[in-house]
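Have a look at the structure below before the remarks.
To keep things simple, chains are lettered A, B, C and D as they appear, and every chain counts its residues starting from 1.
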């Protein structure tokens, strides 16, 4: 039961969705339309599961007084407050039928005032780390790394006006060697070639993995053991 | 909401996160934990109101939902939507240790769905059309039949680049002799690609910092 | 300690400070750089320009606040352009965070810059839908199953702009602003290549290189990162000089971009110089002690 | 030469039952159809639905635009399945040497000599990601080597499910290497779900413990450069691998060896010798072969047409290229 049913569900869904791609009408197509719709709905439950797991983990930490447990309280309070505000549309000028982020609603405030700066700043930290990594770890140690670095430097300079100034002295006949042109050429040709090779490889990998999943050969996602 | 208050909260949270650059500290930890809580709840709320309410609850219980889903007025319930509702609930059983195995049924739906969607799409968009787009002439002539050196060179780079890259990812043949050379050329093409990716990534990260600094600037501007 | 080693071991917080300065100083001094669109960006502009007025355009905000500094300028430029051309635009998002990004446009930009454009007639907000690629698939096979009302819950039939939209192919073009997964790749795989609707848009500089293989067959055009946005802005200002005085965010942000790029190039070169000097140094020392 | 013969088969499985052993979904459906006639029930229900009945009565079911995709799909999936079944039946399949994997033993030896631990980071993804699964296979192999030496293996993880799988895997490896006593459960521990908190914690581990070797194998995101840089700064031997292209440049530049994209999966198959993985890899190679042959043929014909402008060439190429439209 625990193993077989999931394998059969995966098989049926997979086969219906693949068949629906090739078949334009008939029962398979109707199933295809429905499963596609159901799939989207079930993925929303993944958010609920995410919230539930978060609640469970942090409640456990607080109750067992794990290291840094007061921060778990922060997470719990933030989660519950935002959830109540969101689910009950607190302060929404349109009431329960208003747009979720309507101007003036409390959730909008949470989004603009709290979520926005936190998530944006979290990512902006990377600007600092990328600079430090460039300085301390990017070494032309091997021929491969040298090629990588050279291409990177051309792109970095070529995508700004500095690159144009640096190579503006070049004669007309060598215009293709000007940094901005070189940067655009690298993006359009060698980059496309490399990305395409990777893309074709990944596509074959996805096809093989999907096939193995549908046929139940790959079932690690179900976890090991019972 | 008061604009000045917003600016202050924005700036305070931004500085808390940035303080991580000096070293890990309680302000950063506070902001980070706040972020985790708010984002999880935000996703749930938006997923619930924008998707679950109109696309599931409105179809299962149209009369009950008519207050919040105007389109549901006068519709009769569509019981086929019990299927995704049941699978969704099964997914949530993962939260209860004793029933957690049931969530595999829902997981099987999601994983099978992803596999079923992906197989034909990757086959078509990322395999067939990519191969087709690479079938280009190695010699490019202009209207009067003269050889265009630049364009021809670019085409050769693209075609040979894709082939060498693919050879590098060949696993069932030893990369020796001629094949070894081709595979070596393949790794060089990949390195140029990664170099481009590196340059672009740097560009992206800097842009994000610029956006944040502008926000801090707005806050400072409001003070002085 | 030899000089190369000490250069290599500098506290990384010094580099952090340098980066901070390289971003802030140009923001204060506000240098402006002239830009001109590359073909891959120009083709988006030309497509929007050539569509007959009143064309139905689908614009998906597939990003959140974390990547907004790169993608917001693209969103604004595209909205300004499509509105100026008189197209009918449907906003949509596959990211829950995208809801907030759409609101920034519909609350702050449209009422101010286009007061004569009306919600429901010239533009509409279709909100967020879950399901990643599966959501796009559902829209392509049966649009109304997934989207039966706008973000406020008003049925599509009650809005003039969407009353005639029964299928995805009723849109003449799909635009996506992409931060990752799902985004342009999924729009190409699930809508463009399947239903034959042209797809184009912008991506963060992180995702842009991966999208190049789709251009030009499957992707009409692509704005890559802030630079792509700045190119689009310059094309817009060139064609519609009224925007000359509008805040062109991407163009403004190119200042810090230029300075930091140069700084990072110098850092890479310096790091390598120190590394190679230090290496030959170490080698010599090793030789002398006979190791 | 690296030839793997895969003659072992699980006990109790008859050899004749090749297909349903290779393809568990078939086995499951056969078993279920014997027990519960649910399928018949589902389909009779569908037939009763007026929508289905009406749709079924219309003609032109097949989408002719997708003939090529169907043909190529059958060829590719057929090749993959064929090799999977062949490999499961015990046919030896060759897989090339992967640079970096040979250095694993050396890195472990060095760590033992220096009396320093080995750090293994399995990426950010949960167990539903193929990269994490591949990473667990690699971890199992690494643990077997480490068990033979006397060094410590430290595995900080981001997902609790990954932690339990990693513990099982490592314990199993130590057991099979005859060193169950050397297994330390606490060395494989959960850190934090938050991306940067996790990165900062691993960063701290690297700086404090100064591992002799760092392995970053799995699905990585923006934190890749933070980890690789810190590992590089303490002079550890670093071996990385991910199938997420945007992170590859950072690993290539800062690590000694990097498994690029598919190499991560190949490495996992190479080490685990799992016949179905090997077979699948071989089938994917067949796909690459098809791509290369058609790209060569297509460009050659296009070149010929561009130079000669001959109608015959165009017609020939259209026949050859029908498969790719």
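Just so it is clear, a contact is a pair of C-beta atoms (placed from the backbone, for glycine too) under 8 Å apart; a residue touches a chain by one contact, two chains touch by 3 or more.
From a predicted model like this one, the values you see are computed outputs, not experimental measurements.
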item: Number of steps on the shortest touching-chain route linking chain A and chain C; value: 1
item: Chain separated most widely from chain D, comparing mean CA positions; value: C
item: Between C-D and B-C, the pair with more C-beta contacts; value: B-C
item: Centre-to-centre distance between chain C and chain B (centres being mean Cα positions), rounded to whole Å; value: 13
item: Mean-CA-position distance for chain D and chain C (Å); value: 31
item: Centre-of-Cα separation between chain D and chain A, whole angstrom; value: 19
item: Per-residue multi-chain contacts in chain B, two or more chains; value: 20-21, 29, 32, 35-36, 42-43, 46-47, 50-51, 55, 68-70, 107, 111, 113-114, 117-120, 122-124, 126-127, 130-134, 159, 162, 166, 169, 190-191, 193-198, 200-203, 206, 208-209, 211-212
item: Contacts with two or more other chains, residues of chain D listed in rising order; value: 66, 69, 73, 76-77, 128, 193, 196, 245-246, 249-250, 252-253, 261-262, 281, 287-288, 291
item: Sequence positions of chain A contacting 2 or more other chains; value: 7, 10-11, 21-22, 36-37, 39-41, 43-44, 47, 54, 97, 100-101, 111-112, 115-117, 119-120, 122-123, 125-130, 132, 134, 136, 138-139, 144-145, 148-149, 152-153, 156, 159, 187-188, 191-192, 195-196, 198-202, 204, 207, 209, 211, 214, 221, 223
item: Residue ranges of chain B in contact with chain D within the complex; value: 20, 24, 29, 32, 35-36, 107, 111, 119-120, 123-124, 127-128, 131-132, 134-141, 159, 162-163, 166-167, 169-175, 190-191, 193-195, 197-198, 201
item: Chain B contact footprint on chain A (complex, rising order); value: 2, 5-7, 9-18, 21-22, 34-54, 56, 68, 71-72, 74-83, 85-87, 89, 96-97, 100-101, 104, 107, 109-130, 134, 144-145, 147-156, 159, 176, 183, 185-204, 206-207, 209-211, 213-214, 221-223, 226
item: Chain C-facing residues of chain B, complex; value: 21-22, 42-43, 46-47, 50-51, 54-55, 68-71, 113-114, 117-118, 121-122, 124-126, 129-130, 132-133, 193, 196-197, 200-204, 206-214, 217
item: Complex contact set, residues of chain A against chain C; value: 20, 32-33, 36-37, 39-41, 43-44, 47, 94, 97-101, 103, 108, 111-112, 115-117, 119-120, 122-123, 127-128, 130-132, 134-136, 138-140, 149, 152-153, 156-157, 159-162, 184, 187-188, 191-192, 195-196, 199
item: Parts of chain A lying in touch with chain D, wherever the complex brings them together; value: 3-4, 7-8, 10-11, 21-27, 29-31, 54, 57, 122-123, 125-126, 129-130, 132-133, 136-139, 144-145, 148-149, 152, 195, 198, 200-202, 204-205, 207-209, 211-212, 214-221, 223-224
